[in-house]
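The data blocks that follow each hold one structure.
The same chain A turns up in both complexes below, where it pairs with chain B and then with chain C.
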Partner chain A sequence: MPEVRADIVTLDGAEKHFGAANMDIIRLDGAEKHFGAVRALAGVDFHVRAGECVGLVGHNGAGKSTLMHMVAGTLMPDSGRIAVRGGIENNYSVPRALELGIRCVFQELSLCPNLSVAENTRINHASLSGFGWRRKAADLIAAKLDEIFPDHSISADDIAGDLSIGRRQMVEVARAFTVTQDPLELVILDEPTSSLDAHTAGQLLSFVRRFVASGKSCILISHLLGEVLGNADRIVVMRDGKIVASGAANAFDRDRLVTAMGGAEAREKAVAETASRPEAGPLRVRARPARQDDGKELVAHAGEIIGLAGLAGHGQTDLLLAIFAAASRAKAGIEVTAPVALVAGDRQSDGIFPQWSIAQNIGVRSLARLRNGLLISPQREAELAEFWRKKIGIRTPDMNNNIFSLSGGNQQKALFARALGSDAKIVLMDDPMRGVDIGTKLEVYDLVREEARNGRTFLWYTTETEELDNCDHIHVFKNGRIVANLRRDELTEEKIIQSSFGDAA
Partner chain B sequence: MLRSLLPALSLVLVLLAIAWLNPRAISYFGFSLMLNLAIPIALATIAQMFVIAGNELDLSIGTFVGFVGCVTATWLKDAPLIGVLILLGSIGVYALLGALIHLRNLPSIVVTLGMSFVWQGLAILVLPKPGGKAPDWLLSLMAFKPPLVPFPIIAALLIAAVVHFGLMRTSYGVILRGSGGNAAALERAGWSLLRTKIALFALTGFFGVLSGMALIGITTSADANIGNGYTLLSIAGVILGGGEFVGGRVSPIGAVLGALTLALAASPLLTFMHIPPDWQVAANGAILIIVLAARVLISRRER
Partner chain C sequence: MASLQAWLAKPWIWSFIGALLVWLATIAFTGGYGGGGMITAALSLAVFTVIVGVGQMFVITLGPGNVDLSLPANIGLASAVAMKVMDGNDAMIAVGLLAALACGMAIGAANYLLIWALRIPPIIATLSASFIIQSIDISYGRGLQIKPPPGFADFTNWQILGIPVLAILTVLFTIGAAIALQRMIYGRSVLAIGQNIRAAWLAGVKVGRIRFLTYTLSGALGGLDGALLAGYFRGANVDIGNEYLLASIAVVVIGGTSVAGGKANVPGVWGAALFLVLLLTMLNTFGVSAGVRLVLTGLIIVGVITAAGGQKALR
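Entry: the complex of A and B
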């Protein structure tokens, strides 16, 4: 029912402009939160005004998620105060937040994979029931998808689990902006573009600007600093559970943000280093995608870092998996001459053994070396884990803790340690930096370059153009084929976009 | 696409095999006879499907069906009011089990395995030795002979249609299935997982009661062990019908088709193949393995 929805939106907007210019949608005073001995939030004051987009940045583990859980009502502060539109909320909770029009798109995908897109929409709207609810739910989500992502090609009847990860994220974002009976005032977007390609991410961000212009509010959390700088009105920087900087977005630039977050030095170093790499070694991988119909192929030598670029889901992952399979069983069109390890992109479902400790998660790729007779030597496993904890900087008091005791970025580091600690000479990376903070990223980039200098080969699929600066060669994919092959010095963002969107001639 | 047609396909395959082995079986009378026990199996399969939709498993459904059968053949005939109260109470017990499993975070396999002995014991208390008699209204209902289409087929269609509408088309059915798909997301959207779990278990109890009553309506008298085979049969029926153990992926129409396939493959097909009764149970297992393996192969190819 698009016309009904439009009514509600204008009503709300009018009400706001009428009564409450410059009013705080939400305000937290002195919010504190402890998890056991860990202090996640140390007395934070935070507020969002009507009609503003607040960018929130900080390393993983800086307290962003904890703070957002409080705004969304999923966590209560140990001490401090929450006020919504000036009224103190003593029993703030998720239902109360929804009633007040505050919603959150969480970083981990929260669709039910067994339900259709329309049915997933129904879950967020108690009022979508009774006769004809399926039609209403389908119209509601389809209209919102059309509005945010005009050329989305998602049907309301599609089962969520059958959609690609990018499309699932599109549905989830669109769902958060659908309106039935509860109002909509503030949407928290936690890494909303982490699985989107540049094109759809752009569509989403321009929708966010339109949304904010209509008097609503948004909190944008992103590790892509350009996104935050370009779309937020105000930026808040967090570090160690505190807000360390805050101000109008145009008062910040990239370097100032990185410094405030306590990140490492800028990326010029990367460019300089890649240029001075010695000549490539022996052939490691030669592969042609299954759907390639011309002579283009991917060739990687020892010591090279090869980038796989293009829009998300255009065959990059398929090729990596084919190479991985070819390492153990011969496959037509693919030649692999050394052991292979894979760093998965979707770490929750493909990377981590949830019941295991950090040390066990690292050691599983190297069991043959850790063996002592018939058994795994706990001592050798601990040595391996300890070595990588120091080398890669996994932040934990004890490597025998469960892997889930780590923040997302540190979990990803453990997966890198698993691959780099193994005997693999070829490391396949399936967009592993998705949703990882910039400090961790820069550390891992350094490590990858160092390992490449020592003769390892990296095949690196990434959706973030900046990461391609680390690569020697970049292959751009479209519809399962390699459409362009660029050297590091030929690489520009325009060229990649051009090849990704142009005709695959 | 092929994956969703698989339950129907395997039923057709079994029917073709029967038609080839014994063409006379494909008749009104033949179907009435062969599908005799399909109604209680289909109802038990639907019962099992509800707990599976919530990522749980009910290992007590077989002995529960037996217990309901014993109550039906005794109390429900002799003192209908008390009989109805006992049956309603047993559905209430199922609802409480759902609450217990959710609140204490217990594995349903353990709880229902324990309950299977409780139901068995109660069944023996109610009816120490085989006997009793089904109420007359139940006997005449199950002996109903409609024109043209045999009763078991009509009943199966009806069961499939009603449950499909309730679970797959209503707005609360979405919530029930969602609790198996992504419970955390559901809770975040403000739904009570306690309530969904209670609802799913109560529905299992309800259809278990229907299954036990239908069974006694056909066999006319009861035995405390009468339903013991239904536990595994119902699980196999759900899986055969395209359901999965986790993730809330179930299909009521598929589950009924799976139950019919099992009912036909269980004994008519094997008898026609001249497999001696001693080997029928093993042959039945072999058929299950083949069909389920085919299902895995086909869904893998579609990925």
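Entry: the complex of A and C
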């Protein structure tokens, strides 16, 4: 007597989904979620089939992360239903998700900074026990890193906190694909390439294609629309907690996606506009990387936007930090002639003060100016915050709320406001756009160009080649040295990649 | 109702509630006798804990690992320096106080120098410094039995309507400290460093200077405390500061300051200091033996910190 599958029997009108021949790995029906008065998800239907890569796009705060938290089991919907492989899950949770082979790489990196790469891997694999567990974990992660990022230079003994943010992201991604006891069916990748350079990101995406081709599934969240268009089989667009468009990837193009996401319209590149820039002003920065052995150096004048390009972790951040340090204490080989502010890319470790309000986080760089006599004036602090809330569009009802009440993109805007609202004439940007949606990006690009026209100097390290279009000069870095210096009109992606890999052409 | 909840949400309110409960328990035991005198005595004694507690609070707020363990030795040495300089002479009171302050500042500065130049953790640096200070104190104050100048001894006992003048001055000082913490660049910088030292540096905070100032401030307050204690207890003593090692840290933590740094609370230092002093008085009144008293004090501190920790849910 064949056993009757419970999931088929108990369904009340949902058979049309669950009984489908092409079994879904996971399906959410009418998922709703409220956080206080905010409706983060408004009745979303979402599913992922076996052997498919679903691209998920939308602005920051559109509800993507909330939806993914439900898929991963970290959040329960207020109402709605979750089913895995056709079986309704009434007590869905993270352990249950892992048991079913559903894993997640979240945007906020989650490695324990004080543990080694191998030890971090062990956290996810309880079966690596007994003598030599460290060795087993090291072999496991090293093999996966080799598979995904063939020329990575990460050792399993490296302490996670010592790795650059890009390498931490590589470890995090590789760890999610390691298998011991639990099955592996679906991996959620939330902005997996945000801290990776073009080369490494390409390696990851081609691995994802191989993974999907082997019958497994993936959800890919990225603000780089090209990545989604090029790698997803199906694309789902979210806006204001709802799914507003969904369909095969080849039915979309960039403009359609941007329109569906709403808000910012696709804009032309700003090439023509910047050509009319007046002659460069006085010298602001002259810097030679510590390991530079030829005469190349970075020179920036007032009103210029200078790009720092190349593979991630090849000395761009180091040079920015050296320039930052040189502004307060003289340093050999670096000349800085005006106050400096820095916009952090690694928000949690370099930027945010978690105990403070949004207004305090913005004001901290300008305390001296906010004083009235000896004391900091709360009124001036509020005015500064309010000015930037309007100018840069920080979405919050109250600037006195804690900084973590903001979504990631809006936190980043607050960090921009901190730097741009200060007296700094030189603004250093340490790949600040990772994980930021395209609407925010375009707004900030405009702001940066406007500030440059008013005489500010920007040094802009970015892992996204498109952003270099905003720069007047681009320095390509390799192994801690500047290997090429391109004007914008000479800039092509090929040239950057060529310089990044070439033998210092 | 809403305002009551707003009050209960303040982390420092609990230490005051604790102090009040202990006081009520004591006068219930004595049948209402001596309630006023108990408050006067508690205020007089709490002052000494508050002064070093505020210094310790700024240090702890600098972030994990920051603590000044040299305070007891500092208090001991400064008390000897103050008494020697004053030399029982009313005309030298101000000079003696300045000497104690200078002595404390020098100790604080030396602490930070150890931390900065040798890159040793503050806990080790201040602890080893305290051994050195103690040795200096022992050889400097050998056989020292100088009484404080009568004017100074009287000053530490002055009262207006049963309220010690020293307590009033200390309240003014703590109000100043609270303003410095929330409204001055110095205080904001300390809070920023305590939350994330790297982000603070990158946001333009002068990290080195602020840490130096904080350790120096803590040292200076220790020195001042030493001089006042010597006045109150009629003479200097190497061991005069011993109880302020635990007390200075306990009042900071019970008062609602985060041990993880970045979040400080000045009123709570007062509440916690009163609580500790009253607790001791209560146990004495109950006639509990010294051993049991210590055990109970320890347990109650642990209990309070656990209870206060439950209130901490951020956001």
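Points worth noting:
In the analysis below, the second predicted complex is superposed on the first by the 478 of 505 C-alpha atoms of A that agree within 3 Å, B and C clash if a C-alpha of one lies under 4 Å from a C-alpha of the other, contacts with A are read in each partner's own complex, and residues count from 1 in each chain.
Please note the rule applied: a contact is a pair of C-beta atoms (placed from the backbone, for glycine too) under 8 Å apart; a residue touches a chain by one contact, two chains touch by 3 or more.
Note that the structure is a prediction, hence the values are computed from the model and not measured.
When both complexes are superposed on chain A, chain B and chain C end up clashing with one another. When the shared chain is aligned, no partner comes close enough to touch A:Ala338: not chain B, not chain C.
By the touch criterion defined above, A:Leu224 reaches neither chain B nor chain C.
Once chain A of one complex is fitted onto chain A of the other, the partner contacts of A:Leu447 are absent, as it touches neither chain B nor chain C. In the superposition on chain A, A:Pro95 makes contact with chain B only, not with chain C. Of the two partner chains placed by superposition, A:Val179 touches none, neither chain B nor chain C. In the overlay built on the shared chain, the residue A:Ile352 is in contact with chain C alone; chain B does not reach it.
Shared-chain residue A:Phe324: touches chain C; no touch with chain B. Put simply, of the chain C stretches 2-10, 182-190, 236-244 or 290-298, the part that bumps into chain B is 290-298. Across the superposed pair, chain B and chain C touch chain A at no common residue. By the touch criterion given at the top, residues 324, 328, 341-342, 344, 349-356, 360, 364-365, 367-368, 371, 374-376, 378, 402, 404-405, 418, 422 of chain A touch chain C in their complex. The residues of chain B lying in touch with chain A in their complex are 169, 171-172, 174-175, 177-178, 180-182, 184-186, 188-191, 247-249.
Remark: chain A residues 74, 94-95, 98, 106, 110-115, 119-120, 122-124, 126, 128-130, 133-134, 161 touch chain B in the complex. Put simply, chain C touches chain A in their complex at residues 179, 183-185, 188-189, 191-192, 195-196, 198-200, 202-206, 262-263, 314-315.
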